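Following: one structure in structure tokens, then a few remarks.
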Amino acid sequence: MSITSPVPAGRHRDKVRSSVEEALEPLFDGARIMVGGFGLCGNAEALIEGVVRRGVRDLTLISNNAGNLGKGLNAWLEAGIIRRFIGSYIGTNEALHRAMAAGTLEVEIVPQGTFVERMRAAGAGIPAFFTPTGVGTVVAEGKETREFDGRTFVMERALSADFALIRARRADAFGNARFWRTARNFSPIMASAAHTTIVECDELVALGTFDPDDVHLPGLFVHRVLEVKDHEDPFEYKTTRQRVG
Amino acid sequence: MSITSPVPAGRHRDKVRSSVEEALEPLFDGARIMVGGFGLCGNAEALIEGVVRRGVRDLTLISNNAGNLGKGLNAWLEAGIIRRFIGSYIGTNEALHRAMAAGTLEVEIVPQGTFVERMRAAGAGIPAFFTPTGVGTVVAEGKETREFDGRTFVMERALSADFALIRARRADAFGNARFWRTARNFSPIMASAAHTTIVECDELVALGTFDPDDVHLPGLFVHRVLEVKDHEDPFEYKTTRQRVG
Amino acid sequence: MAWTKEQMAARAALEIAPGSIVNLGIGLPTLVADYLPADLGVWFHSENGLLGMGPFPLEGEEDSQLINAGKQTVTVVPGGSTFDSALSFGMIRGGHVDLAILGAMQVGENGDLANWAIPGGKVMGIGGAMDLASGARRILVMTQHVTNKGEPKLVASCHYPLTAPRCVHRVISELAVIDVTEGGFSLVELAPGVSLDEVRSKTGAAVRA
Amino acid sequence: MAWTKEQMAARAALEIAPGSIVNLGIGLPTLVADYLPADLGVWFHSENGLLGMGPFPLEGEEDSQLINAGKQTVTVVPGGSTFDSALSFGMIRGGHVDLAILGAMQVGENGDLANWAIPGGKVMGIGGAMDLASGARRILVMTQHVTNKGEPKLVASCHYPLTAPRCVHRVISELAVIDVTEGGFSLVELAPGVSLDEVRSKTGAAVRA
């Protein structure tokens, strides 16, 4: 028997990469890149730094924030490699305010729930959905609105990307990953919405280490895995309470 | 200071119930009830039996299957308490085939992915979404279709319920729950889509037993919790392989 | 005498029903948690993916990966859970959060809320504000009654960009507690020593008493 | 000589790329797993919420809460994971499943698939068939070439209710491997001893060779 149209090998074996450079090899100019994390919490720090060295430009950055306090994704802003930013919050991000003021960056600000739901939709094969968020505000301007059961909703479109750069606490060679506490945030959703998902983990573990019931991100959504043992894990605002007694 | 319009007490304390009867007390005739489980796997067996004794009728049952082999939800069909069934699969369910043939039951068959996505939408405040599933088939008849990026999709509406009856392996007093293996299936999604979610667990554990990262169903989606120590957990098809060597 | 910020927080705490799910906005609303009896059975939701948020950690116990929506280090109480942002905002949009306490730049007498942008000012972003304002079951606003320049924040009609229309149920300022009703602003109570006239003079719309 | 079911399964196994995600439909397609080299790096997805499905369990090791979409007891391989049905169908609809091998009642020469209902027959339900047929990246059909009554299952146009339009890429029957192309059915290979004439006589549409 011969197969006349052999299927190409799938992307779900040999995912482990040994360097940031190797992990980021498929990036290209003009790529749309999702980066997980809420502020500086849960950032893929080594991959973020690596992208600047990689030398790609004209990127669309899709991330809730774009760094802060000169850290994290601020490096991309300072390197001038972002053409467009899609996210939900700017706040005290001076690097972002400067880039916006300089007119070197297009910025699309999206309500945070809509932001993540659009990515979840992309990952789940849903091209569009209706949400109450943003109705009667600038967010709904130019978009289709519609009544269901007497309430008005706005139609939002799926948001996908070429790459997702994800930070996990632990991952295995198939790309199954677990996150720690609130470092999970957008990461598993972005992994589902990107063509190529690259996971940077603190610890690479053997297949079978995770209980099947406790995999936060099934490896099916992951295409490249890199172990990075040391992370800065910066605090954005270190707040404490007094010890009583 | 006085509060002139005091807010009513919330539903998120004192959730633990000590009997099936007490857990099912709020049910009413004509209720829409979601029941978790894939076939007989992951059924809330005690609650399902209890509903028949509870004496409510004209129910809408929303469940992937409606029992099988005379077990599980077959009891509701045999008691004649279901007026309408919304699910995805009938298969060899003779009780359901009989009820359909007798004309005593309205049946709405939905593709399984659309079924769960409609419930997920209800739980997540999304009134409608577009999906490729069912386009060009009877499923899309009478529904709005629409092109996005050159492909046709059908609009589906959210599916909610008055109650969800859910089986978990372990739960705590807030209703945080964990499931075992493929018994998870529709259950956490149904819990989010129902006004009142009642969880039947094999084991009630102390608050704080679960690692925060490993809660499959946050207690926010749960309103009543009941411990039921003994379950039949029937096999639908017990298949095995030969031991080699 | 107008309420201090702490007194405003204590007053807002009385709005929280036992056994409810509450999201506290960044800034002033964050203070409210300190004024809740421990046995109230209230669960704090933080939209970055945390239910059962506890107080700030003790010094030396901070975890950079356990933060609230204001990016401050927090703790998680027994029974708390973490989850991804899609589920977290599903909780909000799906009506599973009973109460959100939010800050405001302007509140309209029809309940419109503006709290994310000032025309001509720096854009700070939207974050979770629009989802909370349109998704939580009840919206309580905590705000100073007037701006730093003395302009009313409770107005006949918001001219700042809206966060969500007709969403605010009640406002707590340093001067008064005011409901948004079909007929506009309606006084619920005055801070001690504050007169209705003072409230009216500092409000940009009629206040029924 | 036509292929046996086992030979069909072995032939279908050759269609599975190393390192791919595969969903096997209920019935005939289930057999395919037995013919895959262990080191192929293939992950089986079962739409009831399991990725990394392993073989049937040994006797005495069955778990009623670990089943496949056919409700048969199965196992989970190291690196496997379980999840809820919303995520499971998100995987399917979102194009994360590389290949689905499905049964068929009819396949149209334009790639239409009918595999869930016969007009006038008992309705068995839809299950995950429509999601798989419209969501998986590649659809391989495994089917007997004709019905029990000898009627062709590969037809010019399906008259049974469709599962999904224009979704089938390739068909493996006991007689042949046939592609669906722009120009209709196109022969890929014949089972040993089966003639093109036999295939053509048992097919309800033209078969290009």
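Chains: A, B, C and D, in written order; residue numbering restarts at 1 for each.
Going forward, a contact is a pair of C-beta atoms (placed from the backbone, for glycine too) under 8 Å apart; a residue touches a chain by one contact, two chains touch by 3 or more.
Remember, predicted model here, so these are calculated numbers, not experimental data.
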| item | value |
| --- | --- |
| Touching subunit A and also subunit D, the following chains | B |
| Set of chains whose contacts include both subunit C and subunit A | B |
| Which of B-D and B-C has more C-beta pairs touching across its chains | B-D |
| Identity of the chain that, by mean CA position, is farthest from subunit D | C |
| Computed distance of Cα centres, subunit B from subunit A, in Å | 32 |
| Computed distance of Cα centres, subunit D from subunit B, in Å | 29 |
| Whole-Å gap between the CA centroids of subunit B and subunit C | 34 |
| Geometric centre distance via CA averages, subunit D-subunit C, whole Å | 54 |
| Overlap residues in subunit C, where contacts from two or more other chains coincide | 50, 76, 82-83, 86, 89-90, 92-93, 135 |
| Residues of subunit A touching at least two other chains | 117, 120, 124-126, 131-132, 179-181, 184, 212-213, 216 |
| Chain contact topology (line, ring, star, complete or other) | other |
| Chain-chain contacts as defined at top | A-B, A-C, A-D, B-C, B-D |
| For the subunit C and subunit A complex, residues of the former touching the latter | 46-50, 55-59, 61-67, 69-74, 76, 82-86, 89-90, 92-93, 122-131, 134-135, 161-166 |
| Contact footprint of subunit D on subunit B as seen in their complex | 38-42, 64, 68, 87-91, 97, 100, 107, 109-114, 116-117, 119-120, 131-139, 179-189, 216, 233-241, 243 |
| Partner subunit D, residues of subunit A touching it in the complex | 1-5, 7-14, 120, 122-126, 172-174, 176, 192, 206-208, 210, 212-213, 215, 218-221 |
| Residues of subunit B that touch subunit A when the two form their complex | 117, 121, 124-132, 148-149, 151, 153, 157, 178-181, 184, 212-214, 216 |
| Subunit A-touching residues of subunit D, taken from the complex the two chains share | 11, 14-21, 41-43, 45, 50-52, 76, 78-83, 86-87, 89-96, 98-99, 135, 138, 179, 188-189 |
